[in-house]
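You will see two complexes here that share chain A, one where it goes with chain B and one where it goes with chain C.
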Partner chain A sequence: MKNNKKTILEIKDLKTHFFTEDGVVKAVDGVDFKVYEGETLGIVGESGCGKSVTAFSIMQLLDYPGKTVGGKILFKGEDLLEKSEAEMRKMRGKDIAMIFQEPMTALNPVLTIGFQISESLRMHFKINKTEAMKKSIELLDKVGIPAPEQRVNEYPHQLSGGMRQRAMIAMALSCDPILLIADEPTTALDVTIQAQILELMKSLLRDFNGSLIMITHDLGVIAEIADRIAVMYAGKIVEYADKKTIFHNPSHPYTFGLLTSIPRLDMEVERLNVIPGIVPNPLHFPDGCKFNTRCKFATNKCREEEPVLNELENGHLVRCWHSDKVIEEAKKIF
Partner chain B sequence: MNRILKKLFSNATSLIGIILLVFFIVIAVFAPMITPPLSDDPYQIPRMSWDVNPQPPGSSMSEDMREIYLFMEKDVKWDKAICGTAEGGYDIFYGLIWGTRTAFKIGIITVFISMLIGIILGSVSAYFGSWIDEVLMRITDIFLSFPFLVAAMVLTTVLGRGLDKVMIALISFGWMGYARLIRGSILATKEETYVMAAKALGVKDAKIIWKHLLPNTIFPVMVQGSMNIGSMVITAAALSFLGVGAPVGYADWGQMVSFARNWIIGSPGNAGQYWYAVFYPGIFIVLFVLSWNLIGDTLRDILDPRLRGEL
Partner chain C sequence: MANTILEVKNLVKYFPIKKGVFRKTVGWVKAVDDISFNIFEGETVGLVGESGCGKTTTALSILRLEEPTGGQIKFDGRDILKMKKDDMRKERKNMQIIFQDPYSSLNPRMKIKDIIAEGIKTHKIKGGRQVYKRVGELLELVGISPEFMDRFPHEFSGGQRQRIGIARALALEPKIIMCDEAVSALDVSIRSQIINLLKDLQNKFNLTYLFVAHDLSVIKYISDRIVVMYLGKIVEIAEKHELFNNTIHPYTRALISAVPVPNPDYQKERIILQGDVPSPVDPPKGCRFHPRCANATEKCSQSEPKLIEVKKGHFVACHI
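So, the complex of A and B:
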């Protein structure tokens, strides 16, 4: 059913590597996914698994030593990797916009909120200062900031954390982007503000006819907002399915581990599970499956041969040799 | 901005600096009224007599000099050298008053232009990095490797005498400090998320540098600049003293000190005989530089990023 929706963004075998003095860090190593029109894709994973790097690769905002070395980023059928820097700049903000993790540092302390919102409006639509300011006030009103006429002339330090994040959202939505990338938009906020921001994003998504890529490590946030979920581990997607499938039928041991390590209202457990071990050093990934050092299902095959992303059922992709065992185990719990 | 002005006025040292500066500004602005020029070029110090020896404060214009000015149909309102005359009968008081304009010209123009060059090169170098940074910074290093005074002296000698030549020389070897300073601040600031956020909104590079980076990084450069206004004036005076700066008779304090070179020690048994020849231009230079340094010092205290937390 979902497959007849229009594809907005298609990523094929994306490889982004960092060429450091100690060696090549394969931060993103062969990632594929699709984002459909009007849909929210959640990317989950722990710190350093490559989710933010994926986002920056889409925006083409990586500086030396990071470089996208392979793959395709098809935005409405056009490969962004083949675009010039000037063409990319015209698309940033207008077609693809981004919300950053820390509203404290993502707003310039010496410029007013109004200036920062109207800046991209003026650039992409060639409108004058007064019109842009008027639009900025409307936007601030839309994201639920009280007294926007006054706030528009204030500096970031005069706003609270939640309000700054609202202002960031207003900035990102100012030019009606087709694709919005939110890089952990709620991580730096406390829980009540998180809920408010999520609520706001959900309501804005309803009128905003674009698509959203939500990057987070917070499964609760993903459960709230995403339609489909990609779980990333060590630069690769390990499981990719719709929300229901991920939460009720996890088929990769990492997803399974993540789900059993968070408290759930619908389950009673004595003790929360932990995934043993640590994330492998990106300079020295283990042979075979990259999760084998921490996996309780690992066999010799896992240590020798890297599994491929294979389709279990319609739209449910898993990168594991033993997904049948994981499914069995999951059935006992969920 | 208001906060900065308030602090400048509430601090005793900066208040002294400001009072001195206002004093010099008043002198510079009203120079034509204080001492009306007697020749077509107002920066040419009029001569009170043909005497080789400096004449003491209060001496009047000699008769034959008065006749020359009357013949030239000049209105001689000013016929007393209240600060004395320098070697060759040049009126010291006139030189002090019009020299203030020269000092402001040298200080402000050289600092402004070299600051501009430094900011442009430093910010472009830091923002774009890679080979651009490498090339621009090596050029900066080459300029830095010349000793400032010697380089300025050689360049002025090559270009010839004149105040404009002095300024060109001072600018040519005075911009590197600003470039280094702004490069360092921008290297640190460009890693901030808001720069990335601006890029993600499609803001042009030039605009990111101008609107996002410079307002966050320019304060140390401004402090440096205000301090340098004083030292630029000193260097220009040094060049004039050494005889490669302003032409003879030009209203420039350094040039006036150079007039006094032969008279610093008076006649035998009366060492302080010609004290006025060196004292007046000397004290003006000292006070002018002091005023800028006091203001610069306070600006640094106010704009120090560590103290700016209260902003």
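So, the complex of A and C:
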């Protein structure tokens, strides 16, 4: 069914490297995925796995020393990597918009909320200041900000964290983007405020016909909002499937490890599972499978040869030589 | 249950707000406003709430790292608020803390062996060559090879630094350890390592923990009893299963329902609280939660509910 849907974004073998003094950091090293019309793709992983760099690569907002060195980013069939900066600027905010993690640093502190929302409206559409302000008030109302007529003239510091994040969502939605990228939009918020924002995003998604890429480290958040999930580790996607498959039949040892190492409200465990060790230094990734240093299933083959992203069944991709063993183990728990 | 090791009674901590040329006090931030609870020997009490609810201030006040404005704190039967600075310093040998941020809580200019040895030397627990032998043992205990004791904090990862922080706390063989968001800054896969380590150490040394965190899933896993705070007040205290299965306070209910559960089939009704937490400078009259509470009545805006025991060991501050 999903395959009949229109593909909005297709990432092919994306490679983004950082050329530092100490060497080349392969932050994103061969990532492939597709985003279909109207769906939410969740990208999940720990710090440094390359999930945010993937987002910034799509937006082409990378700073020196980061550079996309290979691959294709096909947005509606056109490769964004071949576009000029001027062409990209026309798309950013209009076709592809982004919600950042930290609303306090992402918003300009010396400009009013209204000015910042109307800025993109006026840049992408031919409308005057008054119309743009009117539209901004409507948007603020839509994202649940009380007294929007008054709030529109306020500065970011006058808003609470949750309100700022709402304002940023309003800004991102202002030009009806086709693709929205949210980079840890609720991480900096308190739980009850996070619940507010998640509910808001879910209700907006219902009448928003664009697609969403949701980047987070929180498996709970991803379980609520995503349709399909890509799990990233050390610059690569290690598992990629629809939400139920990821949570009920994890087939990569890293996904399995993550799911069993978090304390959960829906399960009682005597002792948490542990993924031993730490994420390897990106300057010196191990040979073979990047996860082999922390994996209890690792064999000599894993240390020598890097596994490919292999399709287990319809749409369930796994990068592991021993996924059958993981599936067996997961059956006992989930 | 075992003996009471720590008794907090009517603890109050106000921070002055100073303004103008003469730094006149124009108001008070009521960070912790009259809270009481006990901790028993060998148990873990989870202190949970959102930012600004006063949970960290509570932990720091117990150690007198923040001087409380009022109240009584009894540790092992001794009122520590009446102690002189010197006596308090000696008492802190029994009460240690692990901080949230493993980057800012270790002195970057000190070798980790000196960070851990500092307390041992100050309290004269060991002398001479014995000091570094003890440091080695402590490092081994928290899962770091003693060969690394000559290194500096920046040479370690976040998780390892948190282990060093734990070794430092253990160095004095304390009875109680305050864990102030001790695992919040860590990645998922590292977090479970540290949580398991804390549990193992507790079993080994019969430690008592006051575990301060905002993450209910972690709190539920690690605690025996849970204290829920809102805006400087305790709203509910109960044994953990009792708290989750028989939640009484509307704030606790909303807090539990707000936690995203990593299970797409998990059905629950989410209670969405309206608005933000009010400012602790000028908290709402009556019940502090009433402006956001769906069940609030006239009475709630008038008088403040007291924390009463509704069932053995289950305390709630709510009129309804």
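We adopt the following convention: the second predicted complex is superposed on the first by the 331 of 334 C-alpha atoms of A that agree within 3 Å, B and C clash if a C-alpha of one lies under 4 Å from a C-alpha of the other, contacts with A are read in each partner's own complex, and residues count from 1 in each chain.
Methods note: a contact is a pair of C-beta atoms (placed from the backbone, for glycine too) under 8 Å apart; a residue touches a chain by one contact, two chains touch by 3 or more.
Keep in mind the model is a prediction, meaning the values are calculated, not measured.
On the shared subunit chain A, the superposed partners chain B and chain C are arranged side by side without overlap. The superposition places the C-alpha centres of chain B and chain C at an angle of 80 degrees about the C-alpha centre of chain A, rounded in steps of 10. Once the two complexes are laid over each other on the shared chain, residue contacts for A:His284 go to neither chain B nor chain C. Judged by the touch definition given at the top, the superposed model places A:Arg89 against chain B, while chain C stays out of reach.
In the superposition on chain A, contact of A:Lys332 is made with neither chain B nor chain C.
Within the superposed three-chain model, A:Ile275 lies in touch with chain C and out of touch with chain B [touch as defined at top]. Once the two complexes are overlaid on the shared chain, A:Asp266 sits against chain C while remaining clear of chain B. Of the two partner chains placed around the shared chain by superposition, neither chain B nor chain C is touched by A:Lys126. Judged by the touch definition given at the top, the superposed model places A:Arg206 against neither chain B nor chain C.
For chain A, the partner with contacts to more residues, out of chain B and chain C, is C.
Figure legend note: chain B and chain C, brought together by superposition on chain A, show a least Cα distance of 10 Å. The intersection of chain A residues touching chain B with those touching chain C, taken from the two complexes, is empty.
Of all residues in chain A, those touching chain C in their complex are 46-47, 160, 162-163, 190-196, 198-199, 217-224, 243-244, 247-248, 257-259, 261-266, 269, 271-276, 278-279. By the touch criterion stated above, chain B contacts chain A in their complex at residues 129-130, 192-194, 196-204, 207, 211-212, 215-216, 311.
Here chain A touches chain B in the complex through residues 59, 61, 63-64, 89-94, 97-98, 100-102, 105-111, 116, 119-120, 123-124, 157, 168, 171-172, 174, going by the rule given at the top. By the touch criterion stated above, chain C contacts chain A in their complex at residues 50-51, 157, 159-160, 187-193, 195-196, 199, 214-218, 220-222, 244, 254-266, 270, 272-273, 276-277.
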